[in-house]
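Notes follow once the structure below has been shown.
Chains: A, B, C and D, in written order; residue numbering restarts at 1 for each.
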């Protein structure tokens, strides 16, 4: 019942400890004889979106079957015995980034309930901004909430709808929720997908051997050899059945506004998001960054691994050679159990080391994708100086992150965001670099192929850089806004 | 989601595979600084009532804390670290005998819900006979059932009650359920106990250092050095708070009718049930049995371990010496994983062996406590003959079991009960004994200290021997009656 | 490398914590298609002789195969996959009672070496009294000892013998060792058994479907349905091959002097040792004890489980009723991990409880098989008094243990043996009983069927009661004698 | 006992399945209060040299302590509890690449023996070419070999030497062995390092706070902040004690001939080997390769991860852009247990995926470090074609591997080396590339800074490319040469 957001014991070893984390990836298959195996593969390809747990629910035209596990997809769902317990031609799955502890298996999605109108399973990427408010109302009316996830609210709304058809119940439920969501749901004979009215979280339609696939990213289509069909529209609900794909549009039309962080950090570089190669966009961010703030330097060093595409772009635009100045140790071991103090202090060296031959006596440009609290940036700069760097110029391939997210990205509270509380010069001093620069908001939009940000009707959800939240934040009224699901868990 | 009642892989090794199984033991403490540690000890003493899983919920005046684990109490709850995660002076716990599989942790009690009126945790020994009917109504109204246990129905009834006070909601819920139950519940500042209107399942009040204790059996008082206060009455609800013990009686008065199987098999021999020593009663059953059907014989051999007290009584009444003719192997190992065929065929020998020196050339009387399907009795008689027994007389210290139970005892379906489908002579032939006799129903009541069964107002719930079910069986109308929770799990 | 004899964390819960422990059981099969499966069953039946680890080596006429595991036989060797890794018609196995830690798997027997003359595997029950001396000589000559077991000395002696035939090398090795041993060995095409010149440790020949079996006890024959053929003689070496059983007698003839503790405590009650039923002998010890020191009393209470046969004998001889005054909790859980202080203090109650109905207000006779340090006896007497016993008379079915063992029994150092340092009255006071009596040495021999001990040529190895060590104790010269293998492990 | 070289179940997922594998890394510390913790860190930095097991032996001036574990260093030796069991200021450690199964823990180094002259621990990187011959002689003389590693032969030679001083015994042993070795040994008060007469395997002396360190590579110095002192010379034995570092040269002087594969593949890119930056040398191999065989192309794609430095060099020399055309999935999960057939067939896609945006419609140059059996190269080329590559040019940054290694590199048998049995054109056809080219032997030496290979006195051990084995191969006389330790394990 009690739950703390446990500090990851590996944080001190990990350059990635200061990155943002998405909460989920979703995947669904309709009509394939190996539906669960395909779902496992899809979730494996989406593993970067959530590593804490995974689950699959299948339907064999009679019963629903569920397997949920803590850990990586490949640890459990590569096992033919597990897959054999998931028979049927329909299947949905979910990757979760989350907390630890006793109750976690309750929270692992897809969630399932045996409703009056039949079984209903749902998996959710995103975060609702009125879940806490809805939850209170539901509990007041006698509902019992078993999980602490905001997704359960959707399940209760579906359960309590008076409409006889499941799809109508589901649409009813969507009309009550606010925030960001890409949902896949499985009900008797139907696979349903839904994307929030602004299309904040991604959802894609694919096809394999005549069967339809729903997925968070195209990389999950590639792994199974499926074809990309189209992105689900913002505010669209697709109902996939033996009759084909039916499209519902239960919301008033709005301009799409997908989350720009999918490009900046979350999506896998080989994915195509909204028609754009993520790798290309990231390289282009490096190109724009070089245009905006190019120091005199001898070598471009990427912060592994997510800084690499921008660093390649920066190098190509500047002509300064790209070199692996930081080497990643590939064999870190799963768990650092109770390290001795001496080991702790060696910090990031356990996972990364300086490639002294490329650093010593040189003026280096470190290129990273983003800066959150700045804690690991400090360590990297120090590692470079220890290896003899003459100058260290830090470049970030996105603008300063000044606002928290409430749509499914695990950002720290605002006061812990370095850029929310420090000037550029203070940040430079904090991380110990000789110079520091961020990509401008305009540069970011140029890297995406626009002339700039359309401030009247912005093309993307970009509140982390701009403070411009695109939806109501019902749960936050009268209190310091926090990530909803965490509030729920603390209660 | 899918769940079969899996055959235990150890069945072929186990003399106890053909015994009946209770579904639960419950325990609660109010106001002790080591509430959770005491609860762990109490559950350990009640371990014979359920070995599959255990759970404890504590309340520290601010929050509820829960730990639930598959396996024995001593495997998990003897760990000080686990206990330290259960702070507070109020605590309830539960032992479960149950099924296997993914969902089991959902079913492990105590169940907990955050209701509009506050947190509510409940643990249940017994079985409701209208749970399925209530469940359907609740789901129709939009409730989501996460577990497959009938106990969740109680939780939903409490959640949906309109009464503001938690105790009134709880009593409301009790008025809707039928069947057998001993409940302990924990809510903000109160420990609640309740026993069904007939007192079918046991519940006892004890006291330690001025703190009140609720438990299924007195042996759980002994282990912590607590004093026995009194049995909770049939139909009584006790509310324990800082103000002391308040007793409610929400049902019309009825004569108590506790389950006679607590004496025959379930309760631990050192427990005192309804004021009677279980060991003494069992010995007395052996005495009555010897009076009723004493063969000429050389030696009395108990079927270990539950046949021992009756065999001692039989020996003392008959003057025929009591000898350990069957030796139990104490080091069996937790799991027999995939035994080879050869090992399987050796059956019960893995756990027990004949003590040939006491058997060979002798006329033996095997004394056991009960006979269900008869499958292990066949093996025991064969083991005795293989060891050279001249004659094998089988004596059962209870009457023939001819009817299934629906109140929390895991009986096979009626057609699998040997005595429901065979005559005495057919049974004797089936198990291969030279003679076979059961204690009569009258003898059973005499062993309990009565002149006999009061057929108009029977002193005990004894339908397994008589077919006389004491409550409504709402769920069974129009279908072959089965154990409710299993139906639920199969759905 | 470093190794301490770790105190068992469960000691405070366990009535059996103060019993003696044997170090091993051995088993061998020649010529059966399921040799390894039979060996696993045999080791399971011998599990009481050692619970810490088990191992099996098989030979498939080409290669030797080995599996060794920490834990119970049934935990690992009931698995068909493990057995399938042990092909061949010859097999030997070993149960070990031992220490913990990294190196233990090295010490788990059977030991194996690829010698110049072929593979050689050996398993040993007993302890050598000149192993340390031999070991020093071997190491001085350049031998490398990998394990800390005295058995490895035998392996090195075989390896360094100059004789070409393996059996001659083995006999050579036997002529160099002193102490107690029952050995089974496996070499190319032969199963070898050997018993020390006095026959201190037991070894038995059996037969199943024309195949020969070697085992420490007859109970391992019973489990697989094999027939008892004969006890191996003291000083006999049997060589079992396709040609049948060949018997060698490489030592000068001596009178046999088996260890009397096999009867008192180690052997399973259903075993036949030296032609005598262990159960019968133990009952007879109770009979003799009743003759020697019968108090006025109301009830005989056995200390479970090993005190039961003597208590039955005591009851039958005295006419005082036998009752289960102490109830054993069968579901203790494998491990008590870090119990809280409160739980620790409840001591033996976790595993046993008083059956108050048989104790309260009564004069009871507690019958136990032996008394070592007396620590648990104190707890039992207290448990009886807490349950209301009027008088507690403690009776031990063997004489006072005043001397340590050096032949494979894990006795504490002499100063920790209660009877070595206390008078009878002091012992009575220590354990808190109203009276205390031990069986006399003469009574012990009478229970075995003799008129008494033949002090000139004693029938049994009985130094623990008499100080009469029957072999040289080479390693103990000039130092306080200790168990050899422990000395080795400390080095 | 029986052991097969088990095919790794992950092979079909892994681009690295067709790489060569080193067998070991070694590390030693003298005189530091946290010797074992430093050793754990050093082994962690050397993890790329062996991932199957690791071990540490420490000496606290009285006793030796050992911990050996299967798995990664970080899985076990990051635990402060494990380190606390390794007290003392002297310590040596070892990483092992090896087989699986029961006996492996026996084989995990450092090996230890209690010899007549005191304790002796040794860890070995390399392989002896007369170990089997020596082993037979030792067994014939009565030695018992417990492990199957050739390192145990060294231990026996030390044990059987008649010289009183341990260092003399050790030098005696070195004079009997042939082949490649870098050894670290720990004996009473001394840390010893030794490198074979040609210096085939690397060994380096470092220093931290006045304490001496021995390590296979400099990256292990960097992780603990130690300074590089010098490479141990070929044929040198260093004895480190309180008196400082003493250098012995027990062999006639020879020109050093280190293994060229340390540069090509084994050493970590951030290590300095023989005074050269491994990263720089690898980049230079890419430069030379571009000079020798530059196709017309649009993009340079490295085969991750070991192909990256050469690809950067190739790109810089050719001016063709370097792009991440293959994306590595960082979250693979430790184990792929029993994948379904469908999953198997997806092969490398589980670990890597094509970055279509950089591949489609392009002429690509794939740069890899080496080609062994060619099995994964086939999959990569196919993956590129599936992603739409117009042309695929495969370039290898080392010459064709035509001969097996016997000095500690796990090469397949010669008939499985693609380049040993195929012409260049046949290889091109086999892997399906549009063109294929290898770096020439001359180019390889140029990349190392030489004008070319000195065929009379070659600068490096390079038999895998040239067939020029630099030592006797005693064990191979009269039989097909195979890796020694595998022969030993099969016996």
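The working rule: contacts are C-beta pairs under 8 Å (C-beta built on N, C-alpha and C of every residue); 3 or more make two chains touch, one makes a residue touch a chain.
What you see is a predicted model, and the numbers here were worked out from it, not measured in a lab.
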Pair joined by the larger number of C-beta contacts - A-B, A-D: A-D
Where chain A and chain D are represented by their mean Cα positions, the distance between them in whole Å: 38
Centroid spacing, where centroids are CA-atom means, of chain A and chain B in whole angstrom: 49
Touch-based graph of the chains, sorted into line, ring, star, complete or other: ring
List of chain C residues in touch with chain B within their complex: 34, 37-38, 40-41, 44-45, 47-48, 51, 71-76, 78-81, 83, 219, 222-225, 268-270, 272, 277, 279-280, 305, 308-309, 312, 316, 321-324, 327-340, 342-343, 346, 349-350, 353-358
Footprint of chain D on chain C - complex, ascending: 1-2, 57, 63-68, 85, 102-103, 105-106, 112-116, 119, 139-140, 142-146, 155-156, 159-161, 491
